Amino acid sequence: MSHHIVEVNDLRYNYPDGTEAINGLSFTIKHGESVALVGANGAGKSTLLLHLNGSLAPSSGSVRIGEYPLTPETLNSVRRTVGMVFQDPDDQLFMPTVRDDVAFGPLNLGLPVNEVDEKVITALQTVDALHLKNRPPYRLSGGEKRAVAIATVLAMSPDILVMDEPTANLDPKTRRTLIRLLSSFTHTKIIATHDLDMALELCHRTIVIHRGRITADGLTSDIFSNDQLLLESHLERPLSMQGCPICNRKKPK
Amino acid sequence: MAKIHHAFFDVSYFETLAGQNTPVHLVDPRAKVLTTLLFILMVVSFDKYAISGLLPFFVFPAVMITIGDLPLSYLLKKLFLVAPFAFFIGIFNPFLDKQTVLQFGAFAITGGWISFTSILLRFTLTVGAALILIATTGFREICLALEKFKIPRIFVLQLLFLYRYIFILIEEASRLVRARRLRTFNGRGMTIHVASSLIGHLLLRTINRARRIHLAMLCRGFDGEIRLMRDLKIQKGDYLFAGGWLLAFLIMRFIDIPALFGDLVMGLYP
Amino acid sequence: MHMADALLSPAVGGTFWLVTGGVFTYSSKRVQHEIDSRKIPLMGVIGAFIFAAQMINFTIPGTGSSGHIGGGMILAILLGPYAGFLTLASILTIQSLFFADGGLLALGGNIFNLGFFPCFIAYPLVYKRITNKRTSPKSITAASILSVILALQFGALFVVLQTVFSGVTELPFKSFILVMQPIHLIIGLIEGLVTAAVVNFIFKAEPEILQVADPLQQNDSKRSFGKVILLFACIALFAGGGLSWFASQNPDGLEWSIAKITGKKELPPPEQGIHSSLAKLQEKTTLWPNYHFNEPGIYDNAQTPKASPLSALKTGTLLSGIIGAGLTLLSIIGIVLLLRMSKPITS
């Protein structure tokens, strides 16, 4: 498809104390793309994500979602289009039960209760968590919390999913389930992560951010084979591209 | 610390108890909240020397615990944990009120002992009723009931948020306390200075968490108003529950059942 | 120092429910008007924080025992008086429900004792006055310690008053208060030190938190504050006056109505407690000048002539009473057994 759906233009953001967090970022993400945002701790990934739905306002530059430039007037429709999954599900699940939490967004959209109930059920079914419906969030395991957090966003029927470290703190099996789930979504996906193997599986395109700037933007497989780039960006090849550590040991450099 | 950790464990245990499906659990929370308040009011309205008049009231906790399938020993343990306050305030009565009111052979029972016993009975009944309420109803349902009773929304939300994050913050606090203890030797206690700094750190983290939660709320269309899914439906059985108990309480309050029993028996052996 | 239901009379418990309810409703309105939507999650999470912070036990110097914070003043400082009051109320509600700390009837009194004084007395009259002139670590320290001590002294005083007015215990006003106030002076000093350190910590790390929290910086602060105090005074006078008139006519309102309903005074003439303690108070306060008691000057309860309701009992009635009590308990056990037996059918 040709129409541009996320467009970031020369975005800059300074912290209140004046430190530069984002230093002139520009990129365009098209409909249906899956893009990984990778980079060192503090490179500016999370800050960038917060700009994509207007949680932070840029110091200069602009963000465009679909046809709308992101302004205070378009904020509400943008937030409906861009679903944000936060890094810590405990920040996202603040209501007394899973059902209340998934219903929170649709109720805010002003939908009638029976329609809200349908949305809740569909969203929970999608993430395979319908059985958790009446549980309080503190009674969920890490993986269940993550799934429900995603459901809370899905219930808003967004076009774009923005995720911050979706696989952090998950055990390998739960991580695998989550990756399978995410790959089944047709949404445009923007995923900030340190889990490069997941990025390799889910995202055909990768943007590398270093100190608030984009240092590379291209095919994931290309970027993850560029050792020089990875080294400079405090990254390394995904484990699946490193070869078998036992039978195929690399010579130490 | 162990004590609060236990208390915290209790909270989630209560949640498990409240998740049961007994007939008592299925009663509308409004009926249960109201009944509990009436019960407490009736119990404390007895005069301070009342003992026998209070006894029939034990039927309420007894029935609720039986039908509600609650662990009696656990509730009693909780009761004893908080007993000291009532006990230590009440224990002065026998020393201050020494007037003999009963001569029972060589035993002289003073008014103080009677009123002390009465305090302990009241304590057991009132605290027991509150524990039973939470163990048969669950916190979210109580909050929904409060909202229906026109308690300001902001407060109901406050209760729900507080309850939601107790679990997480207690976990964070215990990590801080553990981290300090692991680097402290010779069993030295925590100085006020260190404690203040830990509390300060915890507070900063808490405030930052509140900011993130607020962001997450905004992302899902929060506009200052929280809409809850209300699924309370009051039914005939609920009216029956509250009405029936109210009737029972009134009868027990105004008719001295033990005295009736006593007279009956004594009447048989004049 | 949470009051317990068992020690309260309905008149006192009810009075404080009304008073607290009034302040509570007003505070809710104020918070809802602030429109700062950030406060909704903030209040809840900070309430949870107070619970969590109570896990952090510290050694009290010179005693070898340990303590934890209460947190009322921290709430007032971080959230402002109205939101602080509501948050404290929610903490106490949860404590009374889950930890059986205090009680439901006593909840009104407990919220009043622990919430009203820090938020509406100590915060505006002490803390704000000192820190408004100059906000510095020193002024924060002084203001925190003084305001915590003041709030706790008031709180302790009201625990004593509520206990004595209820008349369930025999504790004489004078000795109770002589124990409570000094203890709470020490507690207040320690709590004040911790509060000061925590507030200073925040002041150094993120001073804007303290400013955002404070709705009193708006201009209408003085007026609305006067309103709260006035409102409180009115409800207190009305409720306290009304209920104690009721109590003075017939020490226990409910029993009075029972006598009317049943047409006989089957219940013993209600306790001396409220009468005699009111009498003791009367001497000092003359708040209720129309009380007439036999010997209002006597502090020693044991000497107060007392027509104990039980003194009329004879051994015969006693025996009947004991048998009756036994039978009552037996029938309750019977009911339980019956329920047990029928259970498999119902469930």
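As written, the chain order gives the labels A, B and C, with residue 1 at the start of each chain.
Going forward, a residue touches a chain if its C-beta (ideal position, glycine included) is under 8 Å from a C-beta of that chain, and two chains touch if they have at least 3 such contacts.
This structure is a prediction, so every number in the text was calculated from the model and none was measured.
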Chain touch graph shape: choose line, ring, star, complete or other and state it. line
Just to be sure I understand: the centre of a chain is the mean of its C-alpha atoms, right? Then which chain's centre is nearest the mean of all of them? B
Length of the line joining the C-alpha centres of subunit A and subunit B, rounded to whole Å: 43
Quick one: subunit B and subunit C, Cα centre-to-centre, how many Å? 16
Roughly how far is subunit A from subunit C, centre to centre by C-alpha average, rounded to an integer in Å? 49
Shared-interface residues of subunit B (touching two or more other chains) are 139, 160-161, 163-165, 168, 209, 213, 217, 222-223, 226
Junction residues of subunit C, two or more chains touched: 41
Please list all residues of subunit A that touch 2 or more other chains. 94
State the interface residues of subunit A toward subunit B in the complex, per the touch definition above. 50, 53, 55, 76, 79-80, 83-84, 86, 88, 90-92, 94-97, 99-100, 103-105, 107-109, 113, 116-117, 136-139, 152-153, 156
Given the complex with subunit B, which residues does subunit C contribute to the contact? 2, 4-10, 13, 24-25, 28-29, 31-32, 35, 37-38, 40-49, 51-61, 66, 69, 74, 78, 86-87, 89-91, 93-94, 96-101, 103-105, 163, 167-172, 190, 193-194, 197-198, 201-202, 205-206, 209, 252, 254-255, 258, 261-262, 266-268, 270-271, 273, 301-302, 306, 308-311, 313, 315-316, 318-325, 327-329, 331-333, 335-336, 339-340, 343, 346-347
Subunit B residues touching subunit C - in the complex, by the definition given at the top: 1, 4-5, 7, 10-11, 14, 22-23, 36-37, 40-41, 43-45, 47-49, 51-52, 55-56, 58-59, 62-63, 66-67, 78-79, 81-82, 85-86, 89-90, 92-93, 96-99, 101-104, 111-112, 114-115, 118-120, 122-123, 126-127, 129-131, 133-134, 139, 142, 152-155, 157-166, 168-170, 172-174, 176-177, 189-204, 206-207, 209-211, 213-214, 217, 222-224, 226, 253-254, 256-263, 265-266
Mind pulling up the subunit B residues that touch subunit A in the complex? 12, 15, 139-140, 143, 160-161, 163-165, 167-168, 209, 212-213, 215-223, 226-229
